[in-house]
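Next up: the structures, one after another.
Shared between the two complexes below is chain A, which has chain B as its partner in the first and chain C in the second.
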Partner chain A sequence: MRYLANRTVYMVVILAISSVAVFYAIRLSGGDATAARLPASATEADRETLREVLGLNDPIYQQYFTYMGRLLSGDLGNSLTNNALISKMVIEHGRNSIILGAAAFLLVFVVGVPLGMLASVRRNTFMDQGIMSLSVAGMAVPNFWLALLSIWLFASVLGWLPSAGCCEPRQLILPAIVLAAEGTALTVRMTRSAMLENLDSDWVRTLRAGGLSEARVIGKHVFRNALIPIISLAGLRIGQIVGYALIVEVIFGWPGLGQVLVNAVLRRDYPVAQFFSLVLVVMVVLGNWLADLGYLAANPRLRKA
Partner chain B sequence: MATPLLSVRDLTTVIRTEGIEFEVVRGVSFDMYPNEILGLVGESGCGKTMTALSVMGLIPSPAARIAGGEVLFRDRELVSLPEREMREVRGDDISMIFQDPLTSLDPMFSIGHLLTEVIRHHRSVSRSEAEAMALRALAEVELPDPETRMNQYPHQLSGGMRQRVMIAMALMLDPDILIADEPTTALDVTVQAQILDRLLAQQRRRGMSMLLITHDLGVVAAVADRVAVMYSGEIVEQAPVTQLFSDPQHPYTQGLLRAVPQTRHQRGALHTIPGRVPPPQFVPPGCPFSPRCSQALVRCWEEHPELVPENGRHLRCFNPQPLSPA
Partner chain C sequence: MTASTPESYLAEWDQRLLDFEESQHVSVFRRGMRNLIRNRLLLSGVILGVLVVGAGVAGPIIVGGDYELINFSNIHAVPFSEDALLGTDHLGRDTATRLFVAIRVSLAVAVGVTGLALLAGLAIGTISGFRGGWTDRSLSGVMDFIWGFPLILVAVLFAGGLGEGLLSVILAVGLVNMAAIARVVRGEVLALSEREFIEAARAGGLSNWRIIRKHLLPNILAPALVLASYYVAVAIIAEAALSFIGLGAQPPLPSLGQMVAEGRNFLQLNHWETTVPGLTLVVMVLSVSLIGDGLRDVFDPRLRHEAKGLES
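Right after this comes the complex of A and B.
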């Protein structure tokens, strides 16, 4: 319980710090927020009036407190570019992002863990080397490149899958695979090494001496022990997926949080960029918090101090 | 004597490193009888544990393999027994206790879970019956408060308690043969005596046959019926315990006995055997002990001595001399 309380406080502090960082970073990066809102023919006087109305001429710290005050009272504000309600945008695009992210996260473990187990059981065989080479490739190829390659191959050449769009299952396949690639590769390696490490332990010999089958010893006991590092790194995988989603969503035209955030930053749509990046931070922090919980639940040595 | 329960014949086990195979157990033969303790002694690295693991069919594969010999148990030959059938023997007919109780129990599962899993692998009993059996086994090795322990995890138990759990696990299915590989080495001296005492009480009560692997000659002298001395993967001398300790014949056995500290009339430095056990890849031709032997003949360097039976003793030496008073 103490641990959980600590973790929760830590989460709030991270959120506060990152909200300041994001707020300053966007405003200090230059650019003109009025460019997207007003037609190109607008005069400098028009632009100045709009800045005044939006409060963009106030000192940044003052803008921050005004913004946070509204945010905490539940007012997320409107987009500067099209005046849309940010709360509505988050729900709509958030849903898409969660679909894509969850699919990728599932792939990472559903594919990564069994492949890693297979490689460890068939250690130093052709199978092991094949899986390991694939996983090196998965880590080495940048995902934007993998995205382009997969669009070229599966959409242009073979014509099996659509190259972009939302939100049919067929359109989900490519972006989910690309988004999951690196995490899967890392999970394969992690699972393999965790399995091998536990396979060498003394208690494996004890279980074998008790007559248990290899399937039982490896599939249940060794796997159960290997699960601890796998779970504790699941938090990192969530962060990775959230980060990569920015790129993958843009390439595949998947209208998720990442795509909106990228556009908002490019257009200096401050309130949208501000809130969407906070949402991403919350997802990463929450993911880590969940992984901590899972780690706690999976490890009997930590359950009771 | 009665017919042996377990008979090991010419057992040879090899380990492969970097493509070359080395013999770590070389033509080992011994018999085990019901209601008897056979002590297996020797320095570290002389092949005691590998012999035990070979009998259990638990040698690390594929790095090691049994290259020859047989293990006869009842009317079965265990070396060639299919793994499926061997699994039924392990933990049920023949069990084994390992050296380090701290690392020998799966940390992720409760004691009760580990014990009942093994029970239910061998016996078709319900969960509650298995739990009752496990509880009985824990009580028999005098583990304090066994009901609580059943729900505890290995890390919540002390080293001595964990070794009691290991013993309970090895004994709960009433095996004919128990192999105890240095069961007390990793424990506190005060706990060692208690554990050994529990082990012996159970062995006597069940009339079980026990292979006690140790380098503690004091323990062997106190509890074993017969003793086999191993050196460099071979048995060099085997005899009933009183005979071996009163009249050791092999120079290696003599050296081991003289190296035991005596509390009475102890003068000067402790006796040591010069040199060390040769690693399996550098076993000298002839008698493997010859480079360290004070009474080696030219023949000992050239010819490999056989294990020769004589008056209930087996000896592998060309030039045995009576033990000179140290």
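Right after this comes the complex of A and C.
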């Protein structure tokens, strides 16, 4: 339990530090925030008044606490480009991101684990080599390139799937597969090596000697043991998916958090960039914390410490 | 150790320890070099790499031309057409000229950043693992913190803070890769510190600096190089991906990701504008990955899991 408490305290500290870092980073670049709100003809006195109203003349640590206080009370402000309420944007785009992220997350395990098992059971056969080559390719091909290839093949040439857009199931297929590709490839490798490690162990030989059928040995015993490291690392996949979503959402025109953040950075829409980066950072930190919990679940010895 | 210790005494200790390390197969470097030629992965990676680097270095000199030159009378030309070896893009700019410059940009960013990240990661990881105690706790705390964030997100945050451009890409890639390398190096140093020959070196009165320089570093250099080659691939992909979404290299400076993004709108018309830079990118990544895998097989089979477990 001490491990759990340690990791939770660590998570909270990391959250605090990274929220400060994100706040400072975006504020650093803020440039002249008044330029976006006032017409070019505004006088310096007008600008100064606006800065005073916005609290931009306060010391930056005070601005941080003001900002956090407003966040906690649900007042997230408006976008500079279209004046949309950020609180509305985050709900709408967050939902899209969660749909895409969850689909990719599921794909990683639903596809990755069985393929890895198959490769390990058929070790050193044509099947194994085929699966492993695919997984090497899945890790070597940059995902934006994979995205373009899949758009070209399935949308332009074959015309089976739409190339971009949101939010029908048909439009979800390609971005989810591309987003899941690298994680799936990694999961295949991990499953295969975890399975092989167990398959070669003494206790498996004992089970076989005891007369258990191969299906039972693998399905019931080896598989369960091999699953432990994979589940315990599932939290890390969340961080990976959050990172790649920034690219994949832009390519497929999927209006999620990542796409909004990238556009906000490009358009210098600081309030949006500030809050959306904070949201993504929190998601990553929580994902890492879940990975710690998974690690605890997989290593019972830590519970006593 | 005091300054009065004769150099001959220290050198004798070094030699004795090196002999011992050799007998213990700790010094994988020399053994690795022997296998290097035999390794086909490595060889094919090196050949591809030489081609790409050759294109980046010699290409602009041979083909020449101005990569910014716009020529509206010859747009969307296909490869091997008149006056354009690899065709032209939507502004009539010569794809070959731009491609070679883009390779230079990509290589300079990836190799330069990884080189710096390797130096910093080696220094931090070694100090952290060797000193232990508070130094270790604070240093590895910071490294774990940085490493916990996905590279692309860090790069977008930097772009948000410093503005989009190669500088943000370089800082983000450098920072995250440095943390990843430092973590692995620290682990290696911790493992080595428990070995007898390091204990013997301490017993022999060698200074910390001498132990690190002569007995620790040579033994972690091989795994660190393998790791670095992996991070060169990560850096190439990250730079391309960020340039693709507009946060990396800014026009008119060409970059592979940006060329792919520009050509993307004309896939139906002339797919070469996308496929030429895209395939170049795949070849570059493939080459670095093959070199990395080959080096790993040669030097340190153990690293297989570690390197692949690290996120980009």
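One rule holds in what follows: the second predicted complex is superposed on the first by the 253 of 305 C-alpha atoms of A that agree within 3 Å, B and C clash if a C-alpha of one lies under 4 Å from a C-alpha of the other, contacts with A are read in each partner's own complex, and residues count from 1 in each chain.
The criterion applied here is as follows: contacts are C-beta pairs under 8 Å (C-beta built on N, C-alpha and C of every residue); 3 or more make two chains touch, one makes a residue touch a chain.
A quick note: this is a predicted structure, and the numbers were derived from the prediction, not measured.
Engineer: Considering only touches as defined above, state whether A:S277 meets chain B (first), chain C (second), both or neither.
Structural biologist: second
Engineer: Once chain A of both complexes is superposed, is A:Q240 in touch with chain B (first), chain C (second), both, or neither?
Structural biologist: A:Q240 contacts chain C only, not chain B.
Engineer: After superposition on the shared chain, which partner residues are touched by A:L100: those of chain B (first), chain C (second), both, or neither?
Structural biologist: neither
Engineer: Considering only the touch criterion stated at the top, classify A:V22 as touching first (chain B), second (chain C), both, or neither.
Structural biologist: After superposing on A, A:V22 lies in contact with chain C but is clear of chain B.
Engineer: Looking only at contacts as defined up top, I'd like to know whether chain B or chain C touches more of chain A.
Structural biologist: More residues of chain A are touched by C.
Engineer: Just checking: does A:I14 make contact with chain B only, chain C only, both, or neither of them? Give me first, second, both or neither.
Structural biologist: The answer is second: A:I14 touches chain C but not chain B.
Engineer: With the two complexes superposed on chain A, say which partner A:M117 touches: chain B (first), chain C (second), both, or neither.
Structural biologist: neither
Engineer: What is the shared patch of chain A, the residues that chain B and chain C both contact?
Structural biologist: On chain A, no residue contacts both chain B in one structure and chain C in the other.
Engineer: List the residues on chain B that touch chain A in their complex, please.
Structural biologist: Against chain A, chain B makes touches at 56, 58, 87-92, 95-96, 98, 100, 103-110, 114, 117-118, 121-122, 153, 155, 166, 169-170.
Engineer: Show me the residue ranges of chain A that touch chain B in the complex, using the header's touch definition.
Structural biologist: Going by the criterion above, the answer is residues 201-203, 205-213, 216, 221, 224-225, 299-301.
Engineer: In their shared complex, at which residues does chain C touch chain A?
Structural biologist: Residues 145, 148-153, 156-164, 233, 237, 240-241, 244-247, 257, 260, 264, 267-268, 271, 274, 278, 281-282, 285-286, 289, 305, 308-309, 311-312.
Engineer: Can you list the chain A residues touching chain C in their complex?
Structural biologist: Against chain C, the touching part of chain A is residues 14, 17-18, 22, 25-26, 28-29, 139-145, 148, 152, 156, 182, 186, 189-190, 193, 233, 236, 239-240, 242-244, 246-247, 250-251, 261-262, 264-266, 273-274, 277, 280-281, 284-285, 288.
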